[in-house]
Amino acid sequence: MLDFDAINADKILTRYDIKMESSEKPETIAARILPKDPALKKVAEDVMNLKGKLIEDDVKAALKSNAPEIVIQDGLLKGMDVVSELYGRGIYYLPHVMVAADAFDKGMKLAEGAMSTEKKTKGTAVMHAAEGDPHDIGKNIAAVLLKSNGYKVIDLGRDVLVDTVVDSVLKNKPNFVTGTALMTTTMSAFPRITAKLAENDVHIPFIGAGGAVNREFVESFDMGVYAVAAKDGPHLAAKIIDGWSWHRLREKWDDIIAGKI
Amino acid sequence: MALKNFTKMEYGSADEVVFGDAKYPLSYGLGLKVGAGFVSPEINFAPRPGTEKTVERLVKEYVDYITTDIMNRAVTLGFPSLQLENEWIHQMGNDPKKYAAPVVAGQKAVMKKFNEEYGVACAIRHTCADPRLAEMGLREGMDKTHMYPEKTIESFEVAAENGADVLSVETMGGKEVADYAVVRQDIRGWLFGIGYLGSIDMAWIWPQIVDIAKKNKIVPGGDTNCAGANTSMFMAGGYLDKDIPRTFSAVTRMIASARTLVAIEAGATGPDKDCGYEGPVLKCISGRPSAQEGKGAQDAHADLMGNLMAHTCDLWSNESVEYHSEFGGSSVQCWLGVIGYEAALMNAAKQLKQDKVLRDLYVASDRFRCPEGFCICFDNAYQIGQAIVENGKSYYLRSKAAGLKAAELVQASNDKGKLKLSKQEKDTLNKILTDLNSLPDEEGKFVDWALKEYKNVPAFNPKNYEL
Amino acid sequence: MALKNFTKMEYGSADEVVFGDAKYPLSYGLGLKVGAGFVSPEINFAPRPGTEKTVERLVKEYVDYITTDIMNRAVTLGFPSLQLENEWIHQMGNDPKKYAAPVVAGQKAVMKKFNEEYGVACAIRHTCADPRLAEMGLREGMDKTHMYPEKTIESFEVAAENGADVLSVETMGGKEVADYAVVRQDIRGWLFGIGYLGSIDMAWIWPQIVDIAKKNKIVPGGDTNCAGANTSMFMAGGYLDKDIPRTFSAVTRMIASARTLVAIEAGATGPDKDCGYEGPVLKCISGRPSAQEGKGAQDAHADLMGNLMAHTCDLWSNESVEYHSEFGGSSVQCWLGVIGYEAALMNAAKQLKQDKVLRDLYVASDRFRCPEGFCICFDNAYQIGQAIVENGKSYYLRSKAAGLKAAELVQASNDKGKLKLSKQEKDTLNKILTDLNSLPDEEGKFVDWALKEYKNVPAFNPKNYEL
Amino acid sequence: MLDFDAINADKILTRYDIKMESSEKPETIAARILPKDPALKKVAEDVMNLKGKLIEDDVKAALKSNAPEIVIQDGLLKGMDVVSELYGRGIYYLPHVMVAADAFDKGMKLAEGAMSTEKKTKGTAVMHAAEGDPHDIGKNIAAVLLKSNGYKVIDLGRDVLVDTVVDSVLKNKPNFVTGTALMTTTMSAFPRITAKLAENDVHIPFIGAGGAVNREFVESFDMGVYAVAAKDGPHLAAKIIDGWSWHRLREKWDDIIAGKI
């Protein structure tokens, strides 16, 4: 056996992540996003620091001096913003997001309970993994990110029949539908869905994603808008809520995904 | 547990383990020998989107295009031997008699023609789909909607009867719990899902596969924990992806090796599946031939051990590529070139008795790049194998031992300053050690605890495992 | 012939020549070192069809997609260094200021960003097009329709001024005669076309390229006889293609090495072009760093020396792949993975002082597969280099000597029963030996004869070579 | 240096061509194709044996007892048939084809001179390499094969402007046009040509070939019919002369190329 310990590994292949590690300062990033108000800041920090145990007390405290809408908007959601940002930059890993989302959920339940009017989400998405496709991890992650960004998610699961998706859209009237396919031979369900939607005069964006799928394919059928990663979901959703059509989303796609607009 | 359990290693020392030689070599198909002093390429492919729409189109794609192209290029480049792998698409598994039978038969006919004309040794592995859904039921009679458990077994029969030389599958047992655990970085949940439930599911399905293979005089290959450990690894990704810390991914993989071993204990003879990165551990324990993938599987995914993975392989795979044109020919031809030439390099090294040097170079390239790769270097894989066989009789204990051993090896190398870890990776490693060490020493106690702890995991149904 | 001529070898013996080390290493671009104890991948790409329709779309393709994807993957996989190569498409060479300038500048900007952020060493080679048409005229002022000679020179200027680190080109001199000869298996015509006319054209264009590079403080890389020898080799193909016997192709390649050497004699410093399979001969003679391609260039073409080609390289290339999606990422990312990992294997071997063993394994894989490969094994390449430098002062004589030496080496190995040849290949080899031996010993006599013999070759115009 | 001569090369990578060599018998193949009549047989053999020096005498001899059309049809062309067959099977190399074609040409000149009526070719092709594309070797080979199979070839050369091709087609009224492109960025000239032809109500097959080109691309525009190798040219041409439309050529493409029909 050759003497492996004699190797200078970084000269063969470099660990850029460790090389970069020190240069990233989470606090500076958080400071730019966190609210000024101390009670709201506490709530946001609970989310960002994954404090599922403290959050209920802190939300209650914040509700004393703030409307529930404000606690959601400037507390809970700001906390998730920090989490998203840290995740996007590779400082947080996915499990942080999942646990933060759990804390966020708890806080939301309380704040919503305190609202006088109906619960107001930013919008609704119908999500699914394609007919015949058992791969659903990516879809599940995307669902968490959408939920924790304030969207209502109707998750139809995996290996979902085309008709089930169409029926759900007709019934729930979401702002957009999403489909995930990890196999090239299941993604053909997407255009079948949009065709049936068109027959029913529904023309909302269909976000197509998943390992098998590429932009060219998704843009080969009407309504299709491609997403590379789960973190693109909230960016695209925000534009959809702003009233962008699927045509326009496609046109500005590069900039949306790059976070330029 | 009526199956044989490994309680000792088949190799006397780690250094005996090298690519191209297995303690129990195989000979099957159209003259193919595996693990008998030689490495062959194993080429895998996916049909173009849309070709699944009719049986005729699908057969044309697999037979006239993909298989014919592959065999042509093998002869053009002079490869003496190769294996094909067909990973079944949903349509084939969902209606095997209609969709799969003509594909399987058609591919074999083309291979026979080339074998007769040129003497090129070849064989085909059919990796049937396992579409079972935990929420519907994993055992026969449970899923009345899709009949997936029944269709899974039928798939093996159709494959075996129509021309498969090797049967493989990537089974799904325990995956619902593993999925839940992986995104929460909960190693105990993972241990329960894959190490325990996964092993139980393997012990149910693999004896059936082995029977079918025996009845048809073909080879029961092996399994892979693609469902669990590849998801971890895929999410851990390259240096810039940070969905899962790589220390977590490494430990999950090593836990999975205890689970994938069950196939061999049930009678599988290898070659196991290319995407099972637990392969080196299995080879150290069982002496069975191993299929692996790395540098030449960039078409399918990139990881941090592209060279390393070759060091113990007997078949060298491209994992999978979609059929399409390239300047150099069709995609399957191009990637066959890549893996076939790598096999040629390994075979040249064997002839010149430099195979252990080349093995060590493969290892040296990636040894300190990531904990996953570090664990499956032959010396470490051997130690993890030992931890498994020492606890051979309990699925729980041997999985836990594999995980702990892996975590300890990683920590020791990091302490020595060789294997570098990021802060997050170190934190995770410490948590894994604490978590695993906090678990009981008895299987019964662990299972009681876990059934309670994970009872609300979506789609988890103890009946799937007769619990 | 005002240029320096090589009359002795820069290496004392063949065994000194190995991948990753060159006698005259280079340092350029954003921290890249070449031939200084290390091999780096060189990734080449082609834009998708249709993207050439507008400048904006083309810039997006090259900069936002291709270059960004490449740099991202390099960091993800941890490659410490890499080179990009942009082989200009027709539109860029035809209107360099409009089409090429923004592409060149845009690519460099992306590379700078990654270099600053991660410290990844990188550089870009621009291989400008040589669209000159023999029938229109190869020299400035001759082609009034397209102005191709002028545009060719302008291309280098635009590349150099906008961010190229290395200038290269695949020039066309003598190709019209070589094309005629290759399909008629006329080695004397080939010798005249490439060995003589080609060298003259090189001696005209390369001093100009070197000047432009010097003025812009960048590297004049090198040339390749893609136009001639790659066509031969491509047509000789794999074991089933039989357009050209491989003995013919081998001899044409070795004749071409005498011609491609002229770039270095004009001041080119290497790295020469990946697709120049004459590279090992050039490296033996000149000690300049070499780019090569093989196993990892299956995306672009398949030949019978996929491993062998790595044995003396300093950059390891994929030749070229069209940009598109694969399961594993975009095509450029997948193929970068393949060549980057191969470079890592070579670098591991260098660190562990096993580089000559690995070199020999690369050679062993393909040494006896085909005469082309056999000739460029370092030991044979060195001998062919010696035949060239011994006749260094005459383009004709040194080309002939290279061809003869190659033919003799091939015959000797075949006689020994090692390098196998088909009947047709043997017949061709004998005819080559007879033909070459029948030629005069004086350059003047040969040229007089050839001008008469080939005067009716379509598009051949002696004025292109001042004859 | 390791001992290379110790290598058993065929176990690493096999030379299937040499392994196969002995099993191929050119004589048997030729016997099936060659004509019975001794004078015609002689002519055909001259072509197949590359006897450029003998052919003129032998054609003259054959013309004494046969009509020129017969000498062409059953002598010269049969000789080329054998050459094509041997080339297709990898027994002949391309240079054989080129030299045989030279002999064939000489014979044709004589036989044509002896014809009372106008020279009759099977049909006409306009050939070119795409605008901006200097790669023309493949096109040149294809031209030789078409010529030696009895077609008239109008070769426009390489780097040919779209309009030059269109003008030539309008003027010469060929049975089909061919385009060769080795660069992905030049092949886009093909659909520009066919579009202009359509404007002029010309709807003949456009054979698209060359390294950069694939079937999918060529079939993405009207009139396009793909060819993989030069030897496909005569097969496709024969069907075109039989009156097949480009639609039908595409439909039966696999079978035509495989030589099944």
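Note that the chains take the letters A, B, C and D in the order they are written out, and that residue 1 is the start of every chain.
In this text, a residue touches a chain if its C-beta (ideal position, glycine included) is under 8 Å from a C-beta of that chain, and two chains touch if they have at least 3 such contacts.
Bear in mind that the values here come from a model prediction, so they are computed numbers and not experimental data.
*Asks:* Touching both chain A and chain D: give me those chains, sorted by label.
*Replies:* B, C
*Asks:* Return the distance between the CA-based centres of chain A and chain B, expressed in whole Å.
*Replies:* Centre separation, chain A to chain B: 31 Å.
*Asks:* So how far apart, in whole Å, are chain B and chain D when each is placed at the average of its C-alpha atoms?
*Replies:* 49
*Asks:* Using Cα averages as centroids, what's the distance between chain B and chain C in whole Å?
*Replies:* 40
*Asks:* Give the residues of chain C that touch two or more other chains, as numbers and ranges in rising order.
*Replies:* Touching at least two other chains: 46, 75, 77-78, 239-241, 304, 322, 327, 344, 347-348, 351-352, 354, 357, 360-361, 364-366, 369.
*Asks:* Which positions in chain A touch two or more other chains at once?
*Replies:* Touching at least two other chains: 2, 7, 12-13, 15-16, 212.
*Asks:* Using the definition of touching given at the top, classify the network of chains in this structure as line, ring, star, complete or other.
*Replies:* Per interface graph, the chains form some other shape.
*Asks:* Which chain pairs here would you call touching?
*Replies:* Inter-chain contacts occur between A-B, A-C, B-C, B-D, C-D.
*Asks:* Please name which positions on chain B make contact with chain C in the complex.
*Replies:* Residues 46, 72-73, 75-78, 237-241, 294-302, 304, 306-307, 319-322, 324, 326-329, 331, 333-335, 337-338, 341-342, 344-345, 347-349, 351-352, 354, 357-358, 360-362, 364-366, 369 of chain B touch chain C in their complex.
*Asks:* Within the complex, which stretch of chain C touches chain D?
*Replies:* 15, 46-53, 89-91, 94, 131, 133, 135, 146, 172, 179, 182-185, 231, 235, 239-245, 304, 322, 356-357, 360-361, 363-369, 377, 379, 416, 418, 420-424
*Asks:* If we count contacts the way the header does, which residues on chain C are in touch with chain A in the complex?
*Replies:* Touching chain A from chain C are residues 38, 60, 64, 75, 77-80, 117-120, 325, 327, 344, 347-348, 351-352, 354.
*Asks:* In their complex, what parts of chain A are in touch with chain C?
*Replies:* Answer in residue numbers: 2-3, 6-8, 10-16, 19-20, 211-212, 214-216, 254.
*Asks:* Tell me, which parts of chain D touch chain C in their complex?
*Replies:* Chain D residues touching chain C: 1-2, 4-5, 7, 9, 12-13, 15-18, 21, 87, 90-95, 98-99, 132-134, 136-137, 140-141, 157-159, 183-188, 212, 217.
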